[in-house]
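Alright, structures below, take your time with them.
After this come two complexes, each holding subunit A, first together with subunit B and then together with subunit C.
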Partner chain A sequence: MTTTPVPGSAPHGPRPPRGRPLLRTSYAQHMGLLNTPGKRWSTLVLVIVGFCAPLLFTDDLLQVLTLGLFAAIGAIGLNLVTGYAGQVSLGHAFFIGLGAYTAAVVGGDTDGRLLGLGMPMYIWLPAAGLVTAAAGLLIGPLAVRLRGLYLAIVTLGVVFLGLHIFREASNLTGGPGVGRRAPDVELFGINASVSGGLPGLDWTRDQQLFVVALIFLIIFAVAARNIARSGVGRAFAAIRDRDVAAAVIGVDLAGYKLLAFALSSFYAGICGALYYTVVRVIEPTSFDLLLSVQFLAMVLIGGVSTISGSIMGALFITALGRMAIEIAHYVPFVSTSVTGGGLLNVFQLEGILYGLLIIGFLIAEPRGLYGIWIRVRNYWKGWPFSY
Partner chain B sequence: MTTFAQAILSGTAQGAIYALLALGFVIIYKATHVISFAQPALMVCGGLFSYHFSAVLGWPFWPSLFIAILLGAALGMVIERLALRPMVGKPVFTLAIITIGVDVVLRVLANRYIGADSRALRYPGGGERYELLGLALSHRQVTIIAVTVITVVSLALFFRYAKAGLAVRATALDQETALAQGVRVGAMFALAWAIAGGLAAIAGTFIATGSGGIEQDTWIIALKALPAIIIGGLDSLQGAVIGGLLVGIVEQVTAVYQAAYLPFLGANFSLVAPYALMLLVLLIRPYGLFGTKEVERV
Partner chain C sequence: MSTAETLALRIREHARRTPEAVAMRDKNFGLWEQVTWREYWDTSVQVGHALLSLGIGVGDRVAIHSENRREWLFSDIGTVAVRAATVGVYPTNPAHEVLHLLRDSGSSVLIAEDQEQVDKAFEILEELPRLRHIVYIEPRGIAGHYTDERLMSWPEFLARGAEHARAHPDAVTDLAEAAKPGDLATLIYTSGTTGPPKGAMLTIDNIEFAIERVSQEGAFFDPPATSKDLLVSYLPLCHVAERCFTTWLNAGVGTQVNFAESIETVTTALREVQPTVVFGVPRIWEKIVAGIHIRMSGASWFKRRVFAGFMRLADWIGDCLVKNRGRHTVATRLVYLVCWVVCFRALRERLGLRHTRYAASGAAPIAPEVLKFFMGIGVQMHEVYGMTENSAMGTANLPGRVLLGTVGEPHPGVEITVDEGTGEILTRHRGNFVGYWKRPDATAETLDAEGWLHTGDVGEWARGTHLKITDRIKDIIITAGGKNVSPSELENSLKASPYVKEAVVIGDGRKFLTALIGIELDTVGEWAQRRRLAFTTYRDLSAKPEVQELIQEVVDETNEKFAQVETIKRFSLMPKELDHDEGELTATQKVKRTAITEQFASTIAQMYGERTPETAAS
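On to the complex of A and B.
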C-alpha cells in the first residue's frame, strides 16, 4: 500500500519487502511466527490435513492421534520449563494427575459415589490449569534454591508424594485399581464425548474428540510459541544458558523460575484434564515415574526448546505402543498376547523401544526429530549447494 | 522406649541396604559426574543373578553372592562403555536421561525373567533371631549390617590407600588434570561403574532374601537411595552412608508411630516418608548435610 521499504534501512515492521520473502530487515521479521513462504504453506497444508484427518483415518487410529495431540500440550509445558528455562523436572506426572483429578472433581456428577461439583467445561478446564499452576508455584521455592540434578531428584520425590496422595484421597480419586470417570467434553451445548454430538454431522466420538484436540493444541502451541519468542522466553533462555550470568544482566531469577514452573504446570493441568476425557477412567496409580519419563522422552526425542518438536515427539511416543503392535505382525519372535510365548510380548517390545530410542536419539541426534527435520530442510534449502 | 529402639535397630538394617545403593550412586557421580538412574535395574539384575545361581543352579548362598557381585560389576562396565562413554562431556542432564533409558531396557528384560511370581532367595541363616535387652534382630539383619560395614570400610581403605583408589579420587577432582597426570580416566569411569554395579548386586541379593523376594516392582526400593544421597549431599561418601541409614531409620520409625499419631497422612506413609524428609532437608540445606556448595563463576 505504501512505498516499498529500502533494504537495509530502518526496521519496517514484521513483513519483509515484496518479492524478497527471505530478506530480514528487522528483529520483528526475524522472530515472526511464519516468516517464510515455506512455513506459511506447510502450516496451512498441515492444518487442512489435520482437519480432514477425521474423514481419512479409522477410529482406532484417530484415538491414538487424539491422545498424541493432547499429550503434546503437556509435552509443550514440560519443554517450557525443561527445554527453554533449563529447569529439569521429573515431576510432570504429578501435575498431569492433579489436572486430571481437578477436572474430574470440578466437572464430576454431584450425586455420584465420589465428590463432584457438576460444573460445565468452561469452568473445569481453566480450574484444572489454575489449580495445577498453583501447585507448581508451591514447588517453586525449591526450584529457586536448587539447581540441576538436585532439582531433578526433588521433582522425582514430588511424583512419589503425589502418588501417595492420589492413592489415599480415595473420596476424590476413587482409590487405586478403581479410579473415577473423566468429565465429558461439552462446550456451548455440544457434547463431543458422545457419538453424533456435533449437530448435522454423523460423526463418532473419536472423530469429534480428534477435532477438539486439534483446536486446543493449536491454541496452546501458538500461545507457547509466543511466550518463547517474547521477553519471557529470552529470560528463560538466559537462565538456561548461564543462570549466574542471567542474574548479572538483570534477569529476576526467582521470579522467572517460578513463572516457568507455573506455566509448565498450567499446561500439564490442561493436558491431564483433556487427555483423560479420551481414556475415560482416571486411575490414581497411573501417574507414576514412568509417565514423567514418557513426557521427558517426548521432549528429548521431539527436540529440546522447540514447540513443533514437542508435538512431533508426543505423537511419536504415543504411537509407539501402536507401532509395537504393527511390528509384532512382521517379527516372528514377538507375541501379541500378554501371557503368550515368544521371546517378548508387545508391551515388553514397547518398553525396550522406549529405552533404546531415548539412548539412540541422545547419542546420535541430540536435537531430536526437529533436528532431523532441520537437516533435511537445510539440504533442500541450499540445493544444489548442499554440502 | 523398647519399641522406639527396636524401630531404630530394624531401620538401621534396612538403611544399610540403602547405604550400599547410595554409595553406588555417589561413586558414579563423583568419578563421572553422572547421576545414574540405571541403579534400580542394576540392583534387580544383581539380585536375579544371585537367585539364578543359588535357587536355580543350586549353588550355596555366599558363592552365588560373589558371582552376582562380579556379574553386576561387569554389567555396570558394559553399560558405561556402550551408553555413556560416547557421551563424555555432554550436559549432565543428557547423561542422566540416557541412564533412564538403560534402566527401562534392563528392567524390561529383568521383568521378563521374573514373570508373574516373586523370586525369593532362601537365606542360609534361616529365621534365627538374636535378642538382647528386649531388642530382637534377625540373623539376616545382622548379616546385612556386617556386610555393609565390611564393604564400606574396605571401600574407604581402597580409596585411601590403593593406587587405583587414588586415581579414582584424582579423576573425581578434575578429569582433565588427572588425564594430564597419566591417569587412565576411561578406565576409572569403568571402575566406578563396576564398583556401583557390585554394590547394587549386594543390595539386590539381600533384598531378594527378604520377605517379598524380587517382584516386578521391587526396583522402586532402589530409588529410595536418591533421597539418601540428596540428604547426605551428592558428592559425599560418608554422607551417602549416613543418608542411607537415616532414610532406613526414618522409614521404620514412621511405620511404627505414624498410624497412631499422624493418621491423616494415610496408610503406608512410611514408604514415601524419605521423600518428605528430603524436601525438608533441602529447604534448610540446599546441598544436603555433607555436600560441598557449588561455587560458580560466570
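On to the complex of A and C.
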C-alpha cells in the first residue's frame, strides 16, 4: 500500500535535497516562519544589529527607538483585529490607557497618594494584558453585530467613554494634568529603569530599556506571526475577506470576532504598560482619538495584515516627531517650541505630516511600507523577467 | 540465470543497500511525497503478486494507460518481476488507437489512471475479449458509479497482492530470479507516422544493455550519473526515451525521479526540483525559448534592455562553445562568470535549469540555434540519437566533444555504419530489439540476417567521428528537377523562430518547395496584442495579412541559409492547430505527413497554382 502522509504532518522520509527551497515535502515546510535561506540570514542579521544598537546610537535616539519598539507591540495588536480580521477599531487608545493604568495600579507603591498594590513586574505585566483583554471581550459583542463604518463609530464611542472614566477616576489615574507614575521595569532582580541596573555593565537607562523593548517585541511579534499563520489567522482572514463566506465554510464568526478583539486588546494592554515605563508619567487625557489615529496610521503606513509592516510603521510614526524637529532646523517658518514665533510649530508640523503621509500612502501604496518592500523584492524576485 | 541483472533485481538491490533513500517523488496537493527504495520494491512485489493472482503468467502482457506517476513504475517493475511484459499506452491516445494497442498486444490486464482512460477502455471493451481486468488508480468518478466485474481499484488490487503474498510468499521473487535475458520485458509501440503503430519487443537483455550504457562513463554523462542526480519525468513513459531516462537510469544508478502533477505543471515542477539531468524533445526546448521570449516582451523597459545585452553575450559564448566543441576558453569563462552573477543564474533558476549539469535533446531533429542558445546561457546541451528499435542506444554528443548539427559519436559497444548505397544508418549491438510483435514481415524489413538494424534514417559522418542525420528516408523530397532535399532541416530552421510551431515542407515531385506553417498561438498572439491587432481565434489570427508578413520574414531568413533549389517559394498558414485526436499528429506530437497533405490538399494545390475541384466549381 502506498503511504499517504497526513497533510501538515512532519516531513515524510529523508530530507529533500539542498538548495531547492521550493521542493516541499510537508506543509510544515510550506508554512515555516523562515522557510528560505534568505529569510533566515536577513532575520539573523537584523536581530544582531538590533542588539548592537544600544552601543551604536546616542541615548536620545535610543529613547525614540524604544518608544517605537513598544508602540510596535500595540500596532501588531491593532493589525490583528483590523488588518487580519478586518474589524475596524478606533478604540485602541482606550485599551492602551487601560493597560497603562492597570500596570500602574498593580505595580504602584502601596503607600502612595494613589491606589497601588505593589506587585512585581511578572504580575503587573500579565495583569495589564489580561484586564485589557477582558475589556476587549466586553467590546467584542458589538463587533459581532456591527461591521464597517458602524463598528468604527461604536469603537470611537469607547474612546470617549474611556477618556471620561480616566478623568474622573482620579484616585486611580491621578486626574487630568497630573497623572501618575509608571512602575519600574524590574525582572529577576534587575531594574532596567535605573541607570547601571545591569550588573557588570555601565549602561544608561535608555540603553537598558531598549534591550528590554527589543526582547519583548521579538516575543510578541513571533507570537503574533504564529497566530497569523495558524488556523486562527486563516479564520481571521476569511472573516475579513467575506464574513458570510467564512461562516459558510464553518468559521464561527462570533467566536473569532471576540477572539480577535481579545487578542488585540491583550497586545494593547501590554503595549500601554510597557510604553509608559519609558515616558514615566501616565496622563489621563493622552488616551484620546489622536492616539487611536496614530496607531491606525502605524498599521496603514506600515502595511495592513503584516507583522513586519506593523513594526516598520510603529518605528516610523514614533520617529515622526523627531523628524519634524530635524525638519524645523532647515525650514525657517517652523519654530521648535510651542510659544515661539513662526508660522507653525513642530507639533503642528507633525500633525500635518501624519495627514499627508496617510493620504499619500493610501493613494500611492495601500500596502504601506511593507508594500514598498514587496515591490522591491518582486522586482528582483522576477529578474530577469517582470513576472 | 540467477546472476543476470534484471530491472526488477536492480530495484531489489537498491532496496537492500539504501532502503530509506529516496527513489522518486510524486507531487500531490502541492507536496512532493517521497517514495523510498524499500517502498518502491515492496509495492512492486505486491503488484507482482496481484498480477499472479489475476492469472498473469510468463510472457503475458500488462498494459499501463496513465500519465507519469509512481504507480506507473510500480506496475512496470511488478510486471517485469513476474516475467510478464509491460505495454505503455499514451495518455493522449484516443479510444480507437487504444483499441489497436490493446488488441494487437493481447493484454489481459489494463492499469488505467482515471475515469478518462477507463471510459476509453469501456468504449472498446466488446472488441477486447482477452482483456480480463481493469485496475484504476484514481477512484474519482469511477468508485460507486461504475459496476463492472472487471473493474478493480488500486487498493483492492494491492490487497489482492498482499493476500497472494501470504499464500505464496516467494512467488514473485522466485520468478524475478528465474528471469532469462531473452525474456520479453516490454512492448514499446512506435509512433506510427506512416502506418498503424508496431510493437517493438525489447527483452531483459536489451534493457540491460541500455542501462549499462546510460550508467556508464563516456556514453552519455561525464562524470556518470549518481544517486544524487535529480530528474523530472514528464514525457510519456510509453516512449523509449523517457523510459530510458526515468526507469532505466533510476534502476541503474539510483537517480531520483520526480513526477510533476501533470503535463501542464511541468514548468513549475522544473522550478521546484531544479533537476541536474534534463531530457527534452525539441518541442520542449523550443517552447522554453518561446516562453522566455514572451515573458521578456512583457518585462519593463530597463529589464528588456539589460536582457537584450546579456543575450548578445550569450550568443557570443554560444558561438565560442560551438567552435570549441562545447569546451570553455578563458575568455568565455570570464564573460560567463559576469553573466552568471548578474543574469544567467537568475534566468536558469526561473527555467528550472539552475543545477542542470547535463541536458539532452533527442527523439526528433532540433534546430542548432536552439541548442546554441542553451549552451550560451550555460546549460550543457547535448543532442543524442537512438530509437525504440535499438533501445534508444545510438549516438550522443559527449561533454566537451560536442559537434553542433550532429547527433554525436556512437556509444561504446555500439556499431554504426552508413549504408553506402542508400545512405541509411545501420546499428548493431545488444540493444537491438528482437522484432516487431506479431509482425515478422516488418521485422524482416528492419533487422537483416547479419543483425544490422535498418533505422530508416539517412545520414553521413562528420569529421569521421560524429554522425549527422539528414532525414527519414521516407521523408526525403525529390523535386521535379531531381534534387534531393531534406525537409526536416528546413522545417527545424523555421521552427527555431518563436513564432512558428509546426512546419511541413512539401515538394515531392514538384517544381519548387512550399510549406504549410502553423503559428505558435502564444507568441504570435502576444505579438499581435502589442501591435494592437485585434483577433478572435487561431484561424482568425492566421488569416491576418500582418501575421502573413511576420511569417514571411521568418521564411526569408530561413531561405537565406539554404541553396537556391532548397528555398521555400510559397507558404500557407494552417488555419487550425494540429491535434492528436484528429489524427494529424502522433502521440509523440510528430506530424503525420500523409494525413496533412490529404487534409490540406486544396491549400497545397493553390500554392502550386493548380485548379482544384473546389476552385473549379466556384
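The working rule: the second predicted complex is superposed on the first by the 363 of 387 C-alpha atoms of A that agree within 3 Å, B and C clash if a C-alpha of one lies under 4 Å from a C-alpha of the other, contacts with A are read in each partner's own complex, and residues count from 1 in each chain.
The working rule: contacts are C-beta pairs under 8 Å (C-beta built on N, C-alpha and C of every residue); 3 or more make two chains touch, one makes a residue touch a chain.
Here the structure is a predicted model, which means the values were calculated and not measured.
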item	value
Partner chain(s) touched by A:R280 [first = subunit B, second = subunit C, both, neither]	neither
Most subunit A residues touched (candidates subunit B, subunit C)	B
First (subunit B), second (subunit C), both or neither touched by A:H30	second
Partner chain(s) touched by A:V88 [first = subunit B, second = subunit C, both, neither]	first
Subunit B versus subunit C as contact partner of A:R40, first or second or both or neither	neither
Which superposed partner A:F385 touches (first subunit B, second subunit C, both, neither)	second
Which superposed partner A:A245 touches (first subunit B, second subunit C, both, neither)	first
Which superposed partner A:P16 touches (first subunit B, second subunit C, both, neither)	second
First (subunit B), second (subunit C), both or neither touched by A:R377	neither
Set intersection of subunit A contacts, subunit C complex versus subunit B complex	none
Subunit A residues within the subunit C interface of the complex	1-5, 7, 12-14, 16-17, 19-20, 22-27, 30, 382-387
Residues of subunit B touching subunit A in the complex	35, 83, 86-87, 90, 92-94, 96-98, 100-109, 111-112, 223, 226-227, 229-230, 234, 265-269, 271-272, 275-276, 278-279, 282-283, 286-287, 294, 296-298
In the complex, subunit C residues that touch subunit A	20-22, 25, 29-36, 39, 43, 46, 70-71, 74, 155, 158, 162, 228, 230, 256, 271-274, 295-296, 298-300, 303, 306-307, 310, 343, 346-347, 350, 355
Subunit A to subunit B touching residues, read off their complex	88, 141-142, 145-150, 152-154, 156-158, 160-161, 163-165, 167-168, 242, 244-245, 248, 289, 293, 296, 300, 344, 348, 351-352, 354-359, 362-363, 366
